[in-house]
Amino acid sequence: MLDAATPQNTTEQPTQANLLEVNNIEVLYNHVILALKGVSLEVPKGGITALLGGNGAGKSTTLKAISNLIHSERGEVTKGSIIYDGENVVDMSPADLVNRGVVQVMEGRHCFEHLTVEENLLTGAYTRKEGRSEIAADLELVYEYFPRLKERRRSQAGYTSGGEQQMTAIGRALMSRPQMILLDEPSMGLAPQLVEQIFEIVSRLNREQGVTFLLAEQNTNVALRYANTGFILENGRVVMEGNAKELRENPDVKEFYLGMSDTGRKSYREVRSYRRRKRWLA
Amino acid sequence: ESLFFPNMSYRTGPFAAGGIPFADGYADYFTLINERDGGIGGVPIRYSECETAYNTERGVECYQALRGENPLVLQPLSTGITYQIIPRAARDEIPIHSMGYGRTSAVNGEVFNWTFNYPANYWDGASVIINYLLDENEGSLDDKKIVLLYHNSAYGREPIPTLTRLSERLGYELLTIGVDSPGQEQGSQWLQIRRERPDYVIMWGWGVMNSTAVQEAANIRFPMENFIGVWWSGSQQDVLPAGMGADGYKALAMHGTGTDYPVYDDLQEYVYDRGLAAGTGDEVGTVLYSRGMYAAMLAVEAARTAQEIHGVANITPAMMRDGMANLVITEERMAELGLPDFGPPFEVSCQNHGGSGQAMIQQWDASAQEWNLITDWIEPDRELIMEMVMEDSLAFAAENDIEPACLN
Amino acid sequence: MLDTQPDEGYTTADGRKIGGVAMEMKNITLRFGGVVAIKDISFDIRWGEVRAIIGPNGAGKSSMLNVISGFYNPQEGEVIYKGYRRPRMRPYQVARTGIARTFQNIALFEGMSVLDNIMTGRLNHMKANIFQQAMWWGKAQKEEEENREKVEKVIDFLEIQHIRKTPVARLPYGLKKRVELARALAAEPSILLLDEPMAGMNVEEKEDMCRFILDVNDEFGTTIVLIEHDMGVVMDLSDRVVVMDYGKKIGDGTPDEVRNNEEVIKAYLGVTDD
Amino acid sequence: MLYREAGDFKTSYTSDNQTFPIRFDRYGYYFVLGVAFLVMPLILNDYWTNALVVPFLIYTIAALGLNILIGYCGQLSLGTGGFMAVGAYASYKLMTGFPDLNIIFVILLSGLVTAGVGVLFGLPSLRIKGFYLAVATLAAQFFLIWLFTRTPWFFNYSPTGMISAPTRTVFGIPVTGASASALSMYMICLVFLVALAWLARNLTRGTLGRQWMAIRDMDIAAEIIGVNPLWSKLTAFAVSSFYIGVAGALLFAVYLGAAEAGEAFGIDKSFLVLFMVIIGGLGSIFGAFAGAFFLIAGPVLLKIMLVDNLGWATDLAAHLEIMIIGALIIVTLIMEPHGIAALWRTIKEKLRLWPFPY
Amino acid sequence: MPDTLLFAMEAAANGLTAGVMYALVALGFVLIFKASGIFNFSQGVMALFAALTLVGLQSGQIPFAHLINAIFGTRLHYFGFTLPTLAAIAGTVVVMIVFAWLVERYIFRHLVNQEPIILFMATIGLAYFLEGLGDLMWGAEVKRLDVGIPQGMSLAVDETTFNWFGYGFYMDTLELWAALIAAILVGALVVFSQYTKQGRALRAVADDHQAALSVGISLRFIWVLVWSLAGIVALVAGMMWGAKSGVQFSLSLIALKALPVLILGGFTSIPGAIVGGLIIGVGEKLFDFFMGPLIGGATENWFAYMLALVFLLFRPQGLFGEKIIERV
């Protein structure tokens, strides 16, 4: 599968300077739990950057630190800076950031349960100043991406299935016409077909509208196929970074994140013993 | 050395509006005594307030805080608090004066050695109203219908037994209608009154219940002169909100009101002009201010009596109790104090802690915005009341293993 | 490959013996107002097998699990469990018949520690009455320790010793999934229902998870019903697969059969993965 | 090096299940118990006992009870005042109806009666949730108070509707009525509190406690994994009401001596105990103590400071006092939404990490 | 017509208007709940505070006079001028908006994404604070509020009903006015919340603070907005209740009458507040009319709650509330 057609853009290097720079941030939850211990990232403008790492590595925390949603979970950035488009955004409110074009799709969907699917999508356009017709056009576009949502448009989001909620959350973010989207595990809970489709949408938006993406993803396989660059997090630190292609070739990444061994993919049934990933930070 | 007269006041909470003027009057009179006479018998008065917010637990806390300081007499200022501290004060030998409230059967001094409720209590009040109405109706209340609108609490229920017994005797029909605290909603009660068309409405209310009732009565156009409140339902703040609608409303008066008494000249000179007035100073002369002042005056007189009896100036609470139990208030004495005809003459004895039980009727003149006294002192039916007092107090004595007896 | 005689089970390719029918879903139809979540679906689950349910998003998979665990009552159809028609039951009564599950949107008790969460899984094994518990004497304490031992086994098994005392609210997503599995395992169920247990995990973690699932299946013979979108996992783990689409059943059979089913490819798989 | 669990390795599940797994905590606990039983009786004067300590002990019992219901089982109740009234009136009827019954039994029976009433009003919780449930409990609050002020049987037909506690003794020492000494009041409340806190701790760490918490955190999931919601909710109502009933009985019989339902057990009481529970920390035994202390001692200490020490007018002080209490509630919540108990836990976690910041 | 029926009709009619008075308070609750999931216990105290401020401004009282006098030994009370009613109302509105801003800035900004009960608790803290502040600012005496709304028996109703039935119904003019004002208020609020972008944002915020933040809804703006609106609703309620029974502490207790109304109508429904108010008003008046004499009267306090409870058993989310979503 890996050798199958890969999207062309993986090899292209983004032309512009970094849109987002995260410099050595530390994040502290509840005054005592240190979740990030100095994470630095650069996200080039117009690129797709993947954030990889195991459970609890700190991917979601990094994204929430950037979008400033961390405050609402009693977390704070205690060190370092986050520069977006030349501005330090550490002290901004999430709404300010959305106004500047940064929007996050949170892990675990977070739909507005009592609003219908369509109302959910419309709240995504809250910050937009254009007229109704443009918003309506975008709504149609989202429905085109996710026909299933169109069928369920009048249902309360709380009653839709897990996958439908995930689509709603992604669609809602698209509605704000962002410059940069922080996607936290977009493929979670989606059928395989849809996963491909979502990444197609990502790469289309990226190509056609120059939207920058930073995505945390467990589905390393797909993520590295579409991303330009990648960072691997472990235990609150960046342990490896590089161009997506290089990462894919890296034997450790291959073994632990892609489930490939030299002999190709092996069956889950064959795995006879629990393996412990080689820790870079042993 | 000083004489300690604390006040368990409530200047906050739901009934603050009533507590403030009382506390001001109580304080100002003591200030006057200190400023003008240098205290009682040469010993200065120490006054302090403890805020209860009309709340029983706060009351207990205040009691505990005050009792260590040898208070000469406590004014619990709430029926609930009075009930609570009666047994404790008896144990700690501290006199209580619950003037016009509290436990009515404390009249029986042999059971309630340390509690006094002169000059009048609720049962007196109820009886005075009925006697007044008898007077108005040429001695017969047959076929009359009387409604009692009461605050649904221990306080509000106090007059019910008296009124019930009197109705049996006098043949009027009694209807009791309760209002739950705080009482700012009386829509259905007054609709009921409108339907029942009673001849008279008697009210045992407190706080916002009073002003609401007066307003509602005006709204349904109940003839205000047939609407009579107890002394806790007859102050300015109860009638002012209803404006002209309150004109003609009546209430019991334990004492006079207004500033037309000589004592106010002294108060002006020694207290107000010296900037010593308690509170904001704008309650002077109101009904409840007068009541506070009256209570302070009775306390001072009792202290004087105690000093005479024991021949010492720096009296103890136990001596104060003797002073209270032997208090004699005459018309002459009232005049000397600058309060002629302000309160009734009465005598307290070891057996009877209840005073004379007399009261007057006052009526509100809305255009002049003042209360006018329209009767002289009216006697209650003391015989009936003593009978009831004995029943209740002896039951209490039995329950609490008290051997009724005089202390001295 | 399936044995045609329903009650005797069959033998899998790798030689495991699968028993008779444990549960049979008969003509289940479930509606929510106008939405038909499940349309006349029938299938069976056999003792000891790993049964997968797959299908596109919104197909009705989770709803099916909810029917099995008694949270939804279907308008039509019946559930035959252990040979008897199951009457209408409250979910907790169903749980007591030996059915445990995990949830798609993690449903852990956020205010409790990992250990306490897993201990709730053992509720139905604890019998001390309220007074014994209040006194913490005799039965209550003994029982607590016995069950604690069982739970510790599960904790060891799933390798979550280090977070034993952590409040679950603080855990990252993947670990929460694992704790949820632990809670279900602690119940020692005869049928274990898993709703996307591997969502949000990377390959390595998935491998671990698969191992756990297979081990449970092997060691205790627990029957497993699994919903999963990762075809690799489904194909490797399951013995038989039900495919749903828009509430209808469009396929049922061994992984290979399903993989090659035209309708399934069209509705769900799209281009075949590997 | 004082506050460490390192070195405290558990060799059995029993020791791991201990209430205070860290040795330092455990000794602290014995120390506090020792002080409460042996030292306090020697140093307490009447004022502090009556104004602060006894109400603190009694309200802690009520807060423990409410914490079981709200903090552990997640059922919001605003009927505490009403349930305390049930305890109070039950104890009054028992004391006057059976003069020979020992006061300890009277109080326990009052708790049981309240538990019954609590279960009755807890029934709607099976259908009604969250703030909507508050209405059911408010209905209980207002209805019970109405019942006690309107039905003469409850106050033995006394003309005013006040109830007064007669004198009763334990080992010949009066604990209720006017002749009870501050010390005896302190001791009986302390014994009840320690026993009930211990029971609460046991209940909440065992199966039942976990069922309650499961219902609290996610009732649907709890039911699906096998928690019987009927049983859990009703036991929570029963146990909680038992505690609250005992607190009501103690408040009336031991502390106040006389009471009237509307005044002593009004809706304010419900809110007061609710404050204690939330400020102290939902779902924490220690929180009940901390919350009760904060809300009983706070006003008294403020009063002493403002009135007695600074000489402010009582009304100014009282107004400032409620402002300060209000502000403190808000500040505590902002600092730590899960109350003083959580604040304390965070401090301990910091201590454990000390001298590193995190 | 038999007398009992007439009387019952009169009681019911009065119940309707009384219900509207409760609904006025309930509306404020609904607004805030809808927009933030906060159960604002301080709504009653807000009404008191607004009414106190209105009277204070009207009569030219010096705020904090008592405190100033105590500290500096001065004797300040009044400025010596009075404000016309409309100016005083405008001034009070400004005060309530400032209050809303302060509440957001110093309280709720720090409590984003907390559980409902914690937010509820914070509003109780706020209620205490505001109660103390109101007393400190304007004093605890009873004040008379007159904003020019007529009071007393409505002659028109009396006459009409007398012509119809031969028995004149009693209705309070003030309450009739209140009904009119409530109708206007509800109309405006419904339009606001159903047909505007902000209205949708309100509901989004109530569902999930974090998600609302993530789509760029400024919680700060939304909260200042709804607290201001709730403050204005509180002013209206305070004005009507204050005119009825004077402005003083007990005014804040009307919140307790609004709770069952709110719960019966559903926390999130503006029209629900009105319908709930009407049902409760009529229900309790009729119950008291028929049952009161039998069981001792003064049933109003608990009956409203019992009625709400019975309704809830059938509809756990109240009559018009949003369905509680139960899913796994």
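Letters are used for the chains, namely A, B, C, D and E, taken in the order the chains are written, and counting of residues starts over at 1 for each.
Note that a contact is a pair of C-beta atoms (placed from the backbone, for glycine too) under 8 Å apart; a residue touches a chain by one contact, two chains touch by 3 or more.
The chain list, named the UniProt way, goes like this: A, C = ABC transporter ATP-binding protein; D, E = Branched-chain amino acid ABC transporter permease.
What you see is a predicted model; the values in this text were computed from it and never measured.
A.B. asks: Could you tell me the least number of steps, going only between chains that touch, from subunit A to subunit D?
C.D. replies: Minimum number of steps from subunit A to subunit D: 1.
A.B. asks: Keeping to the contact definition above, tell me which chains border both subunit B and subunit D.
C.D. replies: Intersection of subunit B and subunit D contact lists gives E.
A.B. asks: From subunit E, which chain is the farthest off, judged by mean CA positions?
C.D. replies: It is C whose centre lies farthest from that of subunit E.
A.B. asks: How many Å are there between the centre of subunit B and the centre of subunit E, using C-alpha atoms for each centre?
C.D. replies: Chain centroid spacing, subunit B to subunit E, equals 36 Å.
A.B. asks: With chain centres defined as C-alpha means, what is the inter-centre distance between subunit A and subunit C in Å?
C.D. replies: 29
A.B. asks: In whole angstrom, what separates the CA-based centres of subunit C and subunit E?
C.D. replies: 50
A.B. asks: How far is the middle of subunit D from the middle of subunit E, if each middle is the mean of its Cα atoms, in Å?
C.D. replies: Subunit D and subunit E have C-alpha centres separated by 32 Å.
A.B. asks: Among the residues of subunit C, which ones contact at least 2 other chains?
C.D. replies: 71, 103-105, 107
A.B. asks: By the touch rule stated above, which residues of subunit B touch at least two different other chains?
C.D. replies: Expected reply: 11-12, 16, 20, 152, 180.
A.B. asks: Can you list the subunit A residues in contact with two or more other chains?
C.D. replies: In subunit A, the residues touching two or more other chains are 30, 33, 159.
A.B. asks: For this structure, give each pair of chains that are touching.
C.D. replies: Inter-chain contacts occur between A-C, A-D, A-E, B-D, B-E, C-D, C-E, D-E.
A.B. asks: Under the definition above, what is the set of subunit C residues touching subunit D in their complex?
C.D. replies: Counting only subunit C, the residues touching subunit D are 69-71, 90-92, 94-96, 100-101, 103, 107-112, 116, 119-121, 123-124, 126, 128, 130, 133-136, 140-141, 144-145, 148-149, 152, 183-184, 187.
A.B. asks: Considering the complex alone, what residue numbers of subunit A touch subunit D?
C.D. replies: Answer in residue numbers: 28, 30-34.
A.B. asks: Would you mind writing out the residues of subunit A in touch with subunit C in their complex?
C.D. replies: Contacts found on subunit A: 1, 29-30, 33, 52, 54-57, 60, 107-109, 148, 152, 155, 159-164, 166-167, 185, 188-196, 218-221, 256-259, 265, 267-269, 271-275, 277.
A.B. asks: Help me check something: in the complex, which residues belonging to subunit D touch subunit E?
C.D. replies: By the definition above, subunit D touches subunit E via 70, 76, 124, 127-132, 134-136, 138-139, 142-143, 145-146, 150-151, 220-221, 224, 267, 271, 274-275, 278-279, 282, 312-313, 315-316, 319-330, 333-334, 337-338.
A.B. asks: For subunit E, which residues count as touching subunit D in their complex?
C.D. replies: It is residues 39, 66-67, 70, 106-107, 110-111, 114-118, 120-122, 124-133, 135-136, 140, 256, 259-260, 263, 267, 295-296, 298-299, 301-302, 305-306, 308-309, 312-313, 316-318, 324, 326-328 of subunit E that touch subunit D.
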